[in-house]
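These are the structures in question, set out in turn.
Across the two complexes that follow, chain A remains constant while its partner is chain B and subsequently chain C.
What follows is the complex of A and B.
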């Protein structure tokens, strides 16, 4: 009887396991397998090189690590600026303010827009020669003409500009999840705290933050995964890797595959990148779990 | 009983007739030729020619468009892996990619067809257009010698200048700069007049590549460039430093438009077409693009201003787009017949007129527009890396392009870039020799 129940459970999860295997596990194994070869993606013959492609990524490919650093920087800006903005706006919209439903809709517009469209629109807003130069005009009008700058063409500011536009595009997801999380906190807790003499900051620190910790962990993991994989936005904003200044791992993989015709190496880069993301997410999860327990 | 017998007979008769009719195909599927391409701007001309061919021969030709070119390129590679390429396809990439397609058995050797009837078909093309599809004996790719593609049009990548803006700058619109020093001097005028100088899609590495190799050949000659690719000359050689140095000179003179390193070619085309830039480095396809964007644009083509008189100034050019025949196609003969028809004088004249591209057939240059004939005239200076039997390592090409971008934004000196590229070349050579 017990065996039957166990088997029944397995039967229920079987379709999901099959679909997951076909679309995730098997391709992952197959790509890892291709990563062990030198292959141009066209010839039927592949040259087995063992782990040499992986070794090259780690030891001989500074462009890859520069791309990882750039993606890390974009992620850092997203984790701090984007998520802080998302949390603050969600917190504001959770209160009894006028037109809060309108704000909710407005804040969720950027995430539903196509990345390439966002990139090109912001390029138009920012650039002077082929755009409207709006940011620089605003700076001049506000009395800061010395801050006028070629934001996307200057290597010192290009990556930060990309990161900020990425944060603008992405904060809506965090906003929505934070808002949903805030709405699950019982109002009675705040009322009880107020009766006990707690001020707004104390309520926020002692009630909101601890109860929102799991939600924050979830948003952080989603932000890391989304930001590390950004590339379409970069193509729209700066057109490519900009001499390595806006290079990110996915663009490097595309370059290996399309420009260099190194299909095997691109597969190895894809697997390495996937593993790095899994490790980062796991570490993030463990930290959040410990913080929650503490 | 009689009724059931009659019904049975009727049923048998019906089945028989349907079976017989079923044996006759409504449309002979073997008489449909499928072509995959990425040329959005040429789709309507392709369809018109397909209609004409069907009216003449009864054979349908399906031109299937897959754009953008990156998506097309991925599709063709995936189809090659799955052995399901169409009858005709194009290959986007370098000569080594082309060679891989041939070596994998995907491309038909067209030599017997080109050579038939006293080389009638082969001789109808501009030699430079056909040359990029030829693999010679003993080539470095290990590919059997032969002709593996049919050029359908010609592209040259060179410079254009805006005549109206030339007049505004007080320059003679009929005399573009012929030397690099004159070009740099114009840069200073452009800067003083707060105008934009040269625009080009230099965020796309291959366009920088074209420009750099034009000057490399002008400065040191084709043989030395080829010897560098062969590994016999170092990229740290003073001539290469000089090649990288022209980018530094251009940056310092103000001849380059703002943000050229992050400029995509479409943006460059818009700026030039809208009288916002004095020079553009672009391909001959720009004639069609500029016509669409600004039909009144007053411009002319010019060769890049030369640095040295010792060697000629060259431009990247030759076959613009080529079609390859699938070696595994069931319709090989029909496909080749169609391509012969397609590249015949009448069809090429129509194609050139409709798409504003230089025709591959050398007999129909008479009817092309004046600006296009300026590009066609410069074909004598055209050279294409695909005619070389050797390609540079992708890592080296990438380091050259990235290095030039770094010079353009002032982060590296020409000497530093030359030294970095030389190191990467040495590394790749060592890897190859191991």
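What follows is the complex of A and C.
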């Protein structure tokens, strides 16, 4: 009887544990093994190369570091421009205004769309090859023909264009979380500050910012992890797996696997990238933890 | 008196400026989608000439062509099939596990729960490479079944977390009453716990529906056969073939987006709940 009750508990968790172990935990552990080999993914023979794959990443793969820089740039734009915009919008919505819910519904539309769709729609809007570039046509119509530009094919503007589309898709997340955070701040605090003669800027600086610091830290870490791993959007926006000067780490991993058939190297890239992300989130966590105590 | 009018005018101006700002952003959010829908109703000839947002004549036959010749009918049904199977699978598997993690005491409970939670924290950007190799080995690559199992495992961690948090706060009285009435554990989970957990289940459903419908990378590496492809991957191949026929591509994109928008508007309140519950309002 006792044994049956114990076994019953495992019946509940086993389906989840089995599926998760096979399709999530095993691949995770396996990349650490495959990363040590030279293997094309097909032949039964793998050549053990030790840490050579990692050495190659660090010393002989400028394309990888370029991709890393690109992802860093996109993340930087997302952290500053996108999050500032999200915060500003949340702050504007966090008051007695009409249509608050309407704005909330509209701003969260881009985040629920798929990255492929967003990429393709924006590609259609700013594509320069087919003469359909609406932005350019608007600029011409508005009397700025000298600002007309091949936004996506010029290496100088391509990455910024990608980053801005990424911000368009992502700011709704930050907006929603910021707004929820702002609404937890008791109104009495603002009232009291006003009675004490504080102006809007002072109460923003002394009440809103300190109380929102944990929320900001959370949004920051979500933005970093999300933006560093962006790639589907770029596939839709630039088209094809050779994203060239707008390549990012995950696209490089995909290229190593599908184009150069270097499975071991792709795994090593995945491990290095994962490690960097873990380090970033750890530093960020420590940083925000300290800021909270201070 | 004058001062009063001054303050009122100033307040009205501020409110108007705020609305202007918010409305401008709302337009920027919606414009690309409207442009997509209206472009899908133009013809390849007019699409670059007729730059008005609303076209002069509506060509609904684009949808028929995309559905039939473009194969979007098949891809659409594939996406529906994957989404329904995966979400049903996730609901059953994750609610069972979450229920046990919340209510039962057994050896390994804590360790197993930490395993699921760790997956939410540790990013593994390269694991699809190993997953591809694994699926090849067990002959599940290029099969719908393999894809469904992978997608179930992707959704498990967050779903278990959300449901366990809900079960932890749920009163146990009803379950105790059912137990005294001689109900088995599985019976209590199915007849008592699940109906009570409906609000949390709705959050789990809506997030997983969006996640599976929009999923791209696993479908890309798992499926070679076109007959199995979901919409997101098929769009890429479609763009390669009908590269000049933009109205058809826009029709395909609209077909892909429509269910998402529908789910979003119907389940709006659960989305807000999901985004905020996991983060701020803990």
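Methods note: the second predicted complex is superposed on the first by the 260 of 294 C-alpha atoms of A that agree within 3 Å, B and C clash if a C-alpha of one lies under 4 Å from a C-alpha of the other, contacts with A are read in each partner's own complex, and residues count from 1 in each chain.
We take it that a contact is a pair of C-beta atoms (placed from the backbone, for glycine too) under 8 Å apart; a residue touches a chain by one contact, two chains touch by 3 or more.
It should be emphasised that the depicted structure is a prediction, and the values quoted were computed from it without experimental measurement.
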Applying the touch criterion given at the start, work out whether A:153 contacts chain B, chain C, both or neither, answering first, second, both or neither. first
State whether A:244 touches chain B only (first), chain C only (second), both chains, or neither. first
Which of the two partners, first being chain B and second being chain C, lies in contact with A:44: first, second, both, or neither? first
First, second, both or neither for A:191, with chain B first and chain C second: neither
Quick check for you: in the superposed arrangement, does A:137 touch first (chain B), second (chain C), both or neither? second
On the superposed three-chain arrangement, identify whether chain B or chain C touches more chain A residues. C
Determine, under the contact definition given at the top, whether A:260 touches first (chain B), second (chain C), both, or neither. first
Need the overlap of the two footprints on chain A, from chain B and from chain C, as residue ranges. 41, 130, 239, 258
Which part of chain B faces chain A closely enough to touch in the complex? 70, 73-74, 77, 80-81, 93-94, 96-97, 100-101, 103-104, 106, 196, 201, 203-205, 257-259, 261-264, 267, 270-271, 276, 394-395, 398, 402, 405-406, 408-409, 411, 427
Quick one: which bits of chain C touch chain A in the complex? Just the residue numbers, please. 15, 18-19, 21-22, 25-26, 28-30, 32-33, 35-36, 39, 47-48, 51, 92-94, 96-97, 99-101, 104-106, 109, 112, 115-116, 119, 121-134, 149-150, 152-154, 156-157, 160, 185-186, 189, 210, 213-214, 216-217, 221, 232, 235-236, 239, 244, 246, 249-250, 253, 256-257, 260-261, 264-265, 268, 271-272, 275-276, 279-281
Chain C partner contacts - residues on chain A that touch it in the complex: 6, 8-13, 15-17, 19-20, 22-28, 30-31, 34, 41, 85, 88-89, 92-93, 95, 97, 99, 102-110, 112-118, 120-122, 124-125, 130-132, 134, 137, 168, 172-173, 176-177, 180-181, 184, 215, 218, 225, 229, 231-232, 235-236, 239, 249-250, 253-254, 257-258, 263, 266-267, 269-271, 273-274, 277-278, 281
Applying the document's contact rule, which stretches of chain A touch chain B when the two form their complex? 40-44, 60, 63, 127-130, 150, 152-155, 158, 238-244, 255, 258-262
